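Here come two complexes built around chain A, the first alongside chain B, the second alongside chain C.
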Partner chain A sequence: MAPLSVYRGAELQQVLKLLQDHQGKVCIIAGGTDIILKLREKKLEPEVLLDISGINELKGISEYSKQLADTGLDGLKRITEQTMIKIGAGVTFSEIAKSPFFSQNLKGLADAALSVGSPQIRNAATIGGNICNASPAADIIPVLLALEAEAIVRSREKEETMSLQGFILDKGSVKLLPNQLLCSIAFSSLKENQSLGFAKLGLRKALAISRIAVAAFVEVGDNAFKNVRLASGACGKIPKREYEVEACLEGKAINDGSIEAAAELFKQVLKERLRGRSGAEYKGEAVKGVFKEALRKALGYQNI
Partner chain B sequence: MKKRGIGIGCGFYGTGYGNGFPDVSRARAKLETDGKIGIYVGATEVGQGAKTVLQQIAAEAMGVSIEDIKFYCESTENTPDAGTAAASRQTYNTGNAIKKACEALKEGLIYIAIDKLLLNSAVGIRVENKKVYLESYPQSAISFEDIAKALTEPLCFEESFTAGTTKMEEESGQGAPYWPYTFSVYGVEVEVDTQTGFVEVLKAVCAQDVGRAINPQLLEGQIDGGFSMALGYALMEDLRLTNGEIRNNRFSSYIIPTALDMPEVKKIIVEDPEVTGPYGAKGVGEPVMVAAAPAILNAIYNAVGVRMREIPVTPDRLLEALMEKE
Partner chain C sequence: MKEISLRVNGEERSAEIHEEMRLLDLLRDALHLTGTKEGCGEGECGACTVIMEGKTVNSCMVMAFQAEGKEIITIEGMATKDKLHPIQRAFLEKGAVQCGFCIPGMVLSAKVLLDENPIPTRDEIREGISGNLCRCTGYNKIVDAIETAAGYLNTGGDSNA
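Up next, the complex of A and B:
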């Protein structure tokens, strides 16, 4: 094996050039909480280690305005302004957990960040790293899927935006070319009648890998679920949207009956998906409780 | 739904090697050249507080402050064998050996003082504050330091203590296989999530018989530590042995409690001096763990009406049992 070269990037352009120059031989390190273990166990033996933890362009959480072309009911196209929230790929879980952006309606995002590891891990680990590691149990991915987040990736030449769902290909695999870097995550900010909840079942209260995680985005109107987006973690090869369960809730009045019916469906969906795998029986039953907690939290953040 | 329940567990535990096995601790007490007391003992400090407690026993026996004890432990080169730091035996067994060695050293100091102070007998002589003096005429006194200076050869005594147990008769099961016994009771309150099977311990209280509390703060530490071990053993720690192979062989899968899983544990230290113990003390290292898991399992039963007969009571196992009950 060639001796390991380590670069610590100071600016984004410099890092993108290094990526370009050493294509296919580079392993990116940010917080290092996953990579260091893989290096130690020799599951990864890169020739070049590229440290991006000092790059300011990958830091920070901000709002910006995006123009959306929309076709109205009258068939006329119009441009609407949508406020977006952007999280740099190098933002740590501690920073997300503390951010004033993620209170009230969006508190589910802070809850998910706070459920990761321990304070030491949260101080080091980054949102970009959690996404690119693409673990089935990655805690931040379900909430971002429920928000229909976008991944913004860059190479030396250009910037590209794609849906996060499309970005995560498989367990441990993301849609990044060898010369590309995940730079940020963006999603629409929430309206007053929208909110996000997150619940996780681990084997203890801290330092617990998710056994089941559920993120629930809800839009409420006339005491009914106007729009629901659900995503699960650790319930398959990658965190995924739960479309069947969403459909079961949409348009229904908010009451114990509708929630219980959706929970029952979630159980069936999961038992079918995990059939033959260890823990299928347990996860199928337990997902009901985790789902209801995520939904209850989401509704609670709107005082419903 | 979350359901709460309370449970109580009681236990008693025989400390020491037991069953007639010679449970021997040796210790040496020596007058050092500066008049301080050297204690040489093979006892091992593993975080339980042996170094502190054994120095306290020596200081008490010699009538000096703890700063006047020079404590040497663990090295086999210059300390006599005090047995293992196991079986909750160091405070009781080695504590007794140190106390005996100190008493022998004290007697040695008295005989030297009789000679130096031109006294007739040991009657009325006291050893206190690093000096030996005649109680009825305190002016007649000699300090440890002056005795040390006058010595031509070291003043050092080695003593041993062997716990009194008998082998159990195989036929009848009779005998006194352990001595002393330590008693404890735990009470806990749990909250069970009936949808996920997750158990949270909300509160715990421990009443622990200690004989005599030589160091109450260390005892409380032992109780916290014992409870956290029991919490893991009752609810989390699962080796998953498969054909003799440990499947959960790393701390990411072999789950032990963290500080966030620990409830506040209220401690009640029960002092009932043990006549054969050093100043009445008994060991508590293992006893503090014994009754906690039964209390947790009883509380689970009280909360949800399910009798769990296998530990750890992981969420999977409890949820399965809850569904069978329905």
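Up next, the complex of A and C:
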């Protein structure tokens, strides 16, 4: 095997060029919290290790405005402006947990970031790394799925935007060509009647490798669930949307009855999915509590 | 091999590193700063904690080459020539040290915690050291020591009481 060479990327263009020129031989490292173990266990044996933790273009959380074209019922095209929130792939969990963007309605995102690892891990681990490793227990992914986030990917030639759901292919694999880099994650900012909650069942707070996590996006109107998006972590091979449970809540009045019925359905869905695997019974029961807590938190973040 | 330079405990240092080295190996083997300990080597125990650019990290989870140009503080950088840092003094006074293996990391986590939050609650202290495992003390005396240290630092850090 060729000896390992190591580079510290200083600029995005330079990194994209290295990826282009050494396709398939480069392993990207940012926070290092997953990659270093894999290197030491020889699960990864790249020729080039490329550090992107110093690249400014991958840092920072910001807002921008995106124009959406849609056709109304009258058949006329309209352009609406949508405010988007963008998180650079190199943003750490500590930075997410402390960001003023993720207070109030979006506090679920800070809660999810804070539930990861220990302070030391959160100071190093990045959102981009967490996504690209696509572990079943990647805690940040369920909240991003519930927000219908998109992944912004670049190669030397072009930038591409795709849904995060489409980006995550399978356990440990994402839709990234050898010459591409995940640069940021973006999602629509929330309106006043929308909010995000997150809850997780872990072994202990610091270092809990996620057992079960649920993220709940809710839009409320007339004391009912107008729109609900749920996603789970560690409830299958990869974090996923829970459409069946969403459908069971949509349009329902917000009360214990509707929430309990959805929790019961969640349990059945999960038991079915995990049938024959160890812990199916336990996880089915546990998900009810985690789901209800996520939903309660989401409602709480808009004082309902 | 590769030559890198960085600032360690306020001094400009340079070292020859192997590409596979971690920051932990650089500190211990190349710079002989053996106060930083290796426990698990997997990012779980915090024995290898150092402060990099003002934030705690596990030095077993950082590659040495990534530390190029960075500002690092290790436990050796806490005391001055003839005086312990108030956090170290509080650890001794409160009997918070048993075997001592976790203590360098604990002290550095405590430093960053107190830099950011000078009057933490006991819960905040526990959260602040939640990435540092101790197999000996049961943590209570460590939390006591950090509370005491907060008092020393808030009164100028020099009280010898």
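Convention: the second predicted complex is superposed on the first by the 304 of 304 C-alpha atoms of A that agree within 3 Å, B and C clash if a C-alpha of one lies under 4 Å from a C-alpha of the other, contacts with A are read in each partner's own complex, and residues count from 1 in each chain.
Operating definition for what follows: a contact is a pair of C-beta atoms (placed from the backbone, for glycine too) under 8 Å apart; a residue touches a chain by one contact, two chains touch by 3 or more.
This one's a predicted model, so the numbers in the text were calculated from it and none came from an experiment.
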First (chain B), second (chain C), both or neither touched by A:32: second
Which of chain B and chain C A:148 touches, first, second, both or neither: neither
Chain A residues touched - chain C or chain B, whichever exceeds: C
Partner chain(s) touched by A:285 [first = chain B, second = chain C, both, neither]: first
Which of chain B and chain C A:117 touches, first, second, both or neither: second
First, second, both or neither for A:160, with chain B first and chain C second: neither
Partner chain(s) touched by A:201 [first = chain B, second = chain C, both, neither]: first
Intersection of chain A interface sets (partners chain B, chain C): 118, 205-207
Residue ranges of chain A in contact with chain C within the complex: 3-6, 8, 29, 31-33, 36-37, 39-40, 49, 51, 53, 94, 117-121, 123-124, 205-207
Chain A contact footprint on chain C (complex, rising order): 2, 19-20, 22, 41-44, 46, 49, 55-58, 60-63, 65-66, 68, 109, 112, 127-128, 130-132
Of chain A, residues touching chain B in the complex: 118, 201, 203-209, 211, 279, 281-282, 285-286, 288-290, 292
In the complex with chain A, residue positions of chain B that touch it: 193, 195-198, 200, 236, 252, 255, 257-261, 314-316, 319-320, 323
